[in-house]
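Listed below are the structures to be examined.
Paired with subunit B in one complex and with subunit C in the other, subunit A is shared by the two complexes that follow.
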Partner chain A sequence: MTIVELVLILVRGLGQGAIFALIAMSLNVIASASSILNFAVGALMVLAGVGAYMILPSDPTLFGWIMAGLLIALGMGVFGFLQGGLTLIPLKSSVEQHSWLITTMAVSIIIGAGIHLFGGSLAFRVPSPIPPVTIYSTTTPTAYLLLIVLAVAVYLCLKWFHSRTYIGLAMSAVAQDLDASKAAGINVRRVQLASFSLAGVVLGLTGHIGAPVINISADTGIGYLLSGFTAAVVGGMGNNLGALVGGAMVGVLSMFAAYQFGGIYQDSVTMGLLILVLMIRPEGIFGLAAARKV
Partner chain B sequence: MTIRTGLMATACVALLAPAALAQSDEPLRLGAFVPVTGAGALGEGSLAAVELAVEEINAGGGILGRSLDLTVADYQTDPAIGVGEANRLIHQVGIDMAVGPTYSQVTLATLPLLSGAQVPSINVSGAASITPDVAPFSFSMLANAETQAQAMVNNAIDVFEAQSFAILSDNGAQAKTAVAEIQRIVEEMGLEVTGVQEYNYSARDLTPQLLALQRGEPDALLLFSSTGDDTANVLLGREQLNWDVPISGSAGASLAAPALEAGGPALYDNVVALANAGFSYCEADGRPERAVAFIEAMQAAHPDSADRYPMSFIASFYDAVYVLKAALEGTDGDLSGPAVAAWIEENAGSFEGVNNGLAASAESHFLIGPSTLRPVLPATQDEYGIQQRAGC
Partner chain C sequence: MTELTSHDTAARGSFPNVSPLWVGIAVVAASVLIPGFSGNQYWSYSFTLVALYTAVAVFQNILMSEAGQFSLGQGVIFGVGAVTAASLTTLFGYPYWLSAIGGFVAGLLMGALYAGPALRVQGYYLGFVTLSAALVFPQLVIAFDSVTGGVNGVPVYVGALVTPIVGTLTPLSLLAIALAVGALSLHYVFPKTRLGRKMIVSSVSTESAQSLGTNPGVIRFIAFLIAAAGTALAGILYVPLIGFVGPTNFRVDFSVLFFLAVIVGGQGKLLAPILGIWIVYLVPNVLLADFSHLRLMIYGLVALFVMLVFPDGLVGSIEKWWTARRPADTRTSFSLQDVFDALPETAGEGAASQDDRPLVSVRGATKYFGNAVALDGAGLDIRQGTIHGLVGPNGSGKTTMLNAVSGFLKLDSGAVRLFDHDVVAMPAWKRARLGLARTFQTPRIFEALSIRDNIRIGAEGHGGAQNSGFMEALATRDLPWLDRNPSLLPHGQRRLLEILRVLESDAPVILLDEPAGGLSAEERKDLARLLVHFRDKIGKTILLVEHDLSMVWQVADDITVMELGTVAAQGAPDEIRNDANVKKLFTGV
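On to the complex of A and B.
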């Protein structure tokens, strides 16, 4: 492998990994506040990409692109809030019932069907106002670099949010002990809805910024969900630093496997990583072993 | 009853049954196996083409006076769902004939059921394993993988003077057959395969595959893709790597709309692909009239979505319905699989549709043979989606 090939695989692998990391962080945000794994996160990100396709002209300006991003993030935040309501309404306590398994998966399927009805089965192509960067006489879509920056920024923002804001601290409290949080006067349902909304914003930004390199079509949400879930588990469920590292590992390893062993082994090597990590550290690289109730 | 009387009665029934069928007012039930939902990008347009053919036939008085009644089997590109849908169409709906599926895995899964029920069908799959032995009453409107493989190698040698080849394909059953065939052909010719790579359907970034193939420094890249989206992703990857390797592509590589939208005609520099003769032309001869008429009819029927349809591909579904119509008329209404298959084997060459020059035999039911394929320059696609041939 030449240095050029190594750099290209690293940059693109980290870019792809950033998408998985952002999905994993979205899963973590909701799971930590409600113990719900939102199986619609992949579809929500793709939906944001469809939003970018609908809003952006074929030759967007940078200002228009930024405004569209804010609009999509806001819209996805509202969508996340509504989805959270739909998911949480039937639950007295999300840790005791499992209807969320169906409602989150149903939302994912409905989004896919809606995209199909809107635009058919072909992938949507979204333009970028920022020209690609040149690396050793090759070009790489700027979206990859922006996604890496976004993933790190979201990680730092979530860290600040969970430690410095009232609602963030409330989410952390709910994550640690639901009943104690209720007893302390925290409106748990409101906190959980906020987590859905926050995840929606993250997915909205991911779908918008990553639109030029994401496969935006009706049936691709589930694939992104699986990769994001793998990143979350590898890194340690509930740990955003783990999501960041896990996403990078999955992205780079997937690219490297295709290059070195062939595209036929791309998925199996990624899943092999998941199994290996779970065998050595069942709680994930950065996960904490759960205390056993006695 | 004497033996003579019995024989006469049997002969009378045999003679009168087709006529009775022909005179029946019952609609003919046509099943359409199309992946309207699920992965892939071919179902919606394929169904639209079948619907157009059915509407035209019914408007023209049906087949031998019987109207066509269409039932859709949405197999979602999933063989298991395809088998369930085939059972539903055969046992509940009671279809008389079928068109589709497209995806070889699904076709291979459903054909035993259709064959068992003696339902004649025309699929649009290219896996070489779909032989008359496996499916005696089914024909394909697609060039099989072996035919495409041979044409791709020939085009790479003729157009680009290539002596060494890298192979890139999707991971479908048809593509795997084609890759094996390409390797066999190239080896027999004493030429070199420098690398083989594959990708998942709809994989967005193919940089690692292309980088790996670039290492072998091939004279040409043989690209077996099944969809326009995948072709666009390969061409975008080649452009981003600044790799000017010539590409000889399969029929899927000529589905140019996504690539033209993603990167414009420049993406198709140094690319030839395969297209049916009926959907290609040389400037001097003018555009093929039947293809133009088909596209205009599709645009009139689906003004909002027709521009998304891969017209050259879905025309195969349109023709498939008309081939079955011709066969039923040729057998005087005998719907049985053996009768329809025998007629198509004998008379495929006389069929006049969007695609002409069809051929079939007892040994091969792939109606699109080498003589029906042409190398085209996909970027020359006009407003009708028709492409100019290479070397005009």
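On to the complex of A and C.
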């Protein structure tokens, strides 16, 4: 393998890994406030990409592109809020504590089916306002670099948010002890809805910024979901630093697999990594082994 | 865990007066036979396929409800069976029956592959692993095109199976009915079998299963194999029915279909898979065939709608509504006098082999949780045929000690001997089989089982075949409460029920974790009487962890007092009563 190939795999792998890391962080944001894993995160990100396709002209200006991004982030925030509401309804009454699994999975299917109705089974191509850059004589779409910046920025913002803002602190409190938070007067339902919204905003930004390099089509959401989940598990479920590291690992590894063996093996390699981590160290790199209760 | 099964006990009242099994068999058979005899090619084909899918969903239902295993990848097992059978037939030229055996074995191997991760992780983690398999499977079918036919797929024609007997009824239709009916019958009988009960116990509480001598990992493995066997059979019958097998037949949503069908129908309900497959498969694919582009959309909307409106699934919600109309039993209780009457008296064997070596012996037990010390070199000996009280303030290490003896906790250092075996490295379920039974602070009562079965599972732990004969003695009396559902028992009786289970196990050593907690004064008296009876009349050896000091002093032969992970005092009740260390810890002993 030449140095150029190595750079190519690393840069694109890290860029792709940033997508996985951002999905993993969205999973973490919701899971920490509600113990719900939102199966629709992959589809939501792809949906944001479709939004970018619809809004952006074929030759967007930088200003228009930024405005579109804000609009999509806002829209996905609202979408996340609504989906959260839908997911939380049956949890009030049902004995079926896993209802969230069905409702989020159903929303994922519905989004995919909607995209299919809108655009068939073809992938959407979204233009980039910024021309590609050349690193070590390899042409790299700027979206990969922007995604890496976005992942780090989101990580820092979440860190600040969870430790400095009231609603962020409330989320951390709910994550640690639900009953104590209720007793302390936190409106748990509102905090959980906020977490769905926040994840929606993150996914909206990811889908918009990554649109030129994301595979935007009806059935790709689930693949992104699994890669994002693998990133979260590798890093340690609930740990955003872990998501960042795990995302990078999954991204580079699957890019390497695609380069070495062909794109068709990309998901297989990710699955192999997921199984390997679950078998050897289920708590992930940064996770703590949960104390066993008897 | 959620509600498991409810078709099993008469306790719920006779919901449908007809057994749901016969309803299921009639529906499946009629749906295939009627179009078959009337010669309707299209409906014959559709309902034969629906029967195969129903069988897969039934096995998914068993896997989810009885075994508590969460798989989103059953379609892969189906696909592995189908692709293997098709390739062997068409690409490699083997006869179909031989290829079908190959497909069946391949499906079983796939099931065993799922069981691997299931030994380590549970719940949605397992769901994600199996979902990734569902995502990757069609890709691998394409990638290994030399053995699978790749993107183009493999055509298969098995004349003997698809030639009509009458009308459009083929031998294949009959096989599909047989498979679906067999699956339904298995699910109907399964919770009443020994393995079924073990599976239910393991899925609700792995600790409880281990304390009953069951290795939950083995049970999970068996559950995956059973589900894989049924699913692979459906897969190999699918091959001649559909006549063409390719990667597009088994996309992710194919696996999710079976999962959603069970949920939409109502997890754990016998008829749920039939109704579920009709709604999530038949309606969008066949009845709304003109809207095939809306198929996935309908599928998602139906799942969402059912979850929001009928959170227990359709069959579950109907059953709930039905039972709500009937006057329900508000309370069940059992009579302890019945129990005392049936208690065996076999003190002879136990007491005869009296020797001085303790049955349980712990030395220098040390355990840290992070920086906090739970056990700091504590030890104790339990003599045969005695009640050994273990007391101490909260956090002194009593329950940790009990867990160290029963194997639920790995000591940092120290020795544990049980019946003169070194058991430090032995898992809990093996220790249980040596003859150790225990209860938990929160009683582990299984509401999917009747009171009778809740007691009977005790005998399925220790040694296997042995039991105390207590259950048989009870069964000869006509006691209506035996077949009731334990969900209606008051708290105190739930505890007693767990203790009766331990008795039925015939284990010589019994560990009780705060059995008197939450009991009334009256119930405490009954409990003390029961313990003394166990020791004096049946020859049991008991470790009693308890906060009710007056009860401990009343029944125990030896007492160990713990403080901060160490033994503060040890000896006969009368000696300890005046010990200065003990007086410091408790006032008013």
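Basically, the second predicted complex is superposed on the first by the 283 of 294 C-alpha atoms of A that agree within 3 Å, B and C clash if a C-alpha of one lies under 4 Å from a C-alpha of the other, contacts with A are read in each partner's own complex, and residues count from 1 in each chain.
To be clear about the criterion, a contact is a pair of C-beta atoms (placed from the backbone, for glycine too) under 8 Å apart; a residue touches a chain by one contact, two chains touch by 3 or more.
This one's a predicted model, so the numbers in the text were calculated from it and none came from an experiment.
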| item | value |
| --- | --- |
| Clash or fit, subunit B versus subunit C on superposed subunit A | clash |
| Partner chain in contact with A:113 - subunit B first, subunit C second, else both or neither | both |
| Partner contacting more residues of subunit A (subunit B vs subunit C) | C |
| First, second, both or neither for A:86, with subunit B first and subunit C second | second |
| Which superposed partner A:267 touches (first subunit B, second subunit C, both, neither) | both |
| Partner chain in contact with A:161 - subunit B first, subunit C second, else both or neither | neither |
| Common interface residues of subunit A - those touching subunit B in one complex and subunit C in the other | 113, 116, 219, 262, 264, 267 |
| Contact set on subunit B toward subunit A in their complex | 37-44, 171, 196-200, 202-209, 211-212, 228-229, 232, 239-242, 257-258, 261-262, 305, 308 |
| Complex contact set, residues of subunit A against subunit B | 5, 8-9, 12, 16, 113, 116, 119-123, 125, 132, 137-141, 213-215, 217-220, 255-260, 262-264, 266-267 |
| Subunit A contact footprint on subunit C (complex, rising order) | 2-3, 70, 116-117, 120-121, 124-125, 127-129, 131-133, 135-136, 139-140, 142-143, 207, 251-253, 256, 260, 263, 267, 293-297, 299-301, 303-304, 307-308, 311-312, 369, 399, 403, 408-409, 440 |
| Contacting residues of subunit A [partner subunit C, same complex] | 37, 86, 89-90, 93-99, 101-103, 105-110, 112-114, 116-117, 219, 222-223, 226, 229-230, 233, 262, 264-265, 267-268, 270-271, 274-275, 278-279, 282, 291-292, 294 |
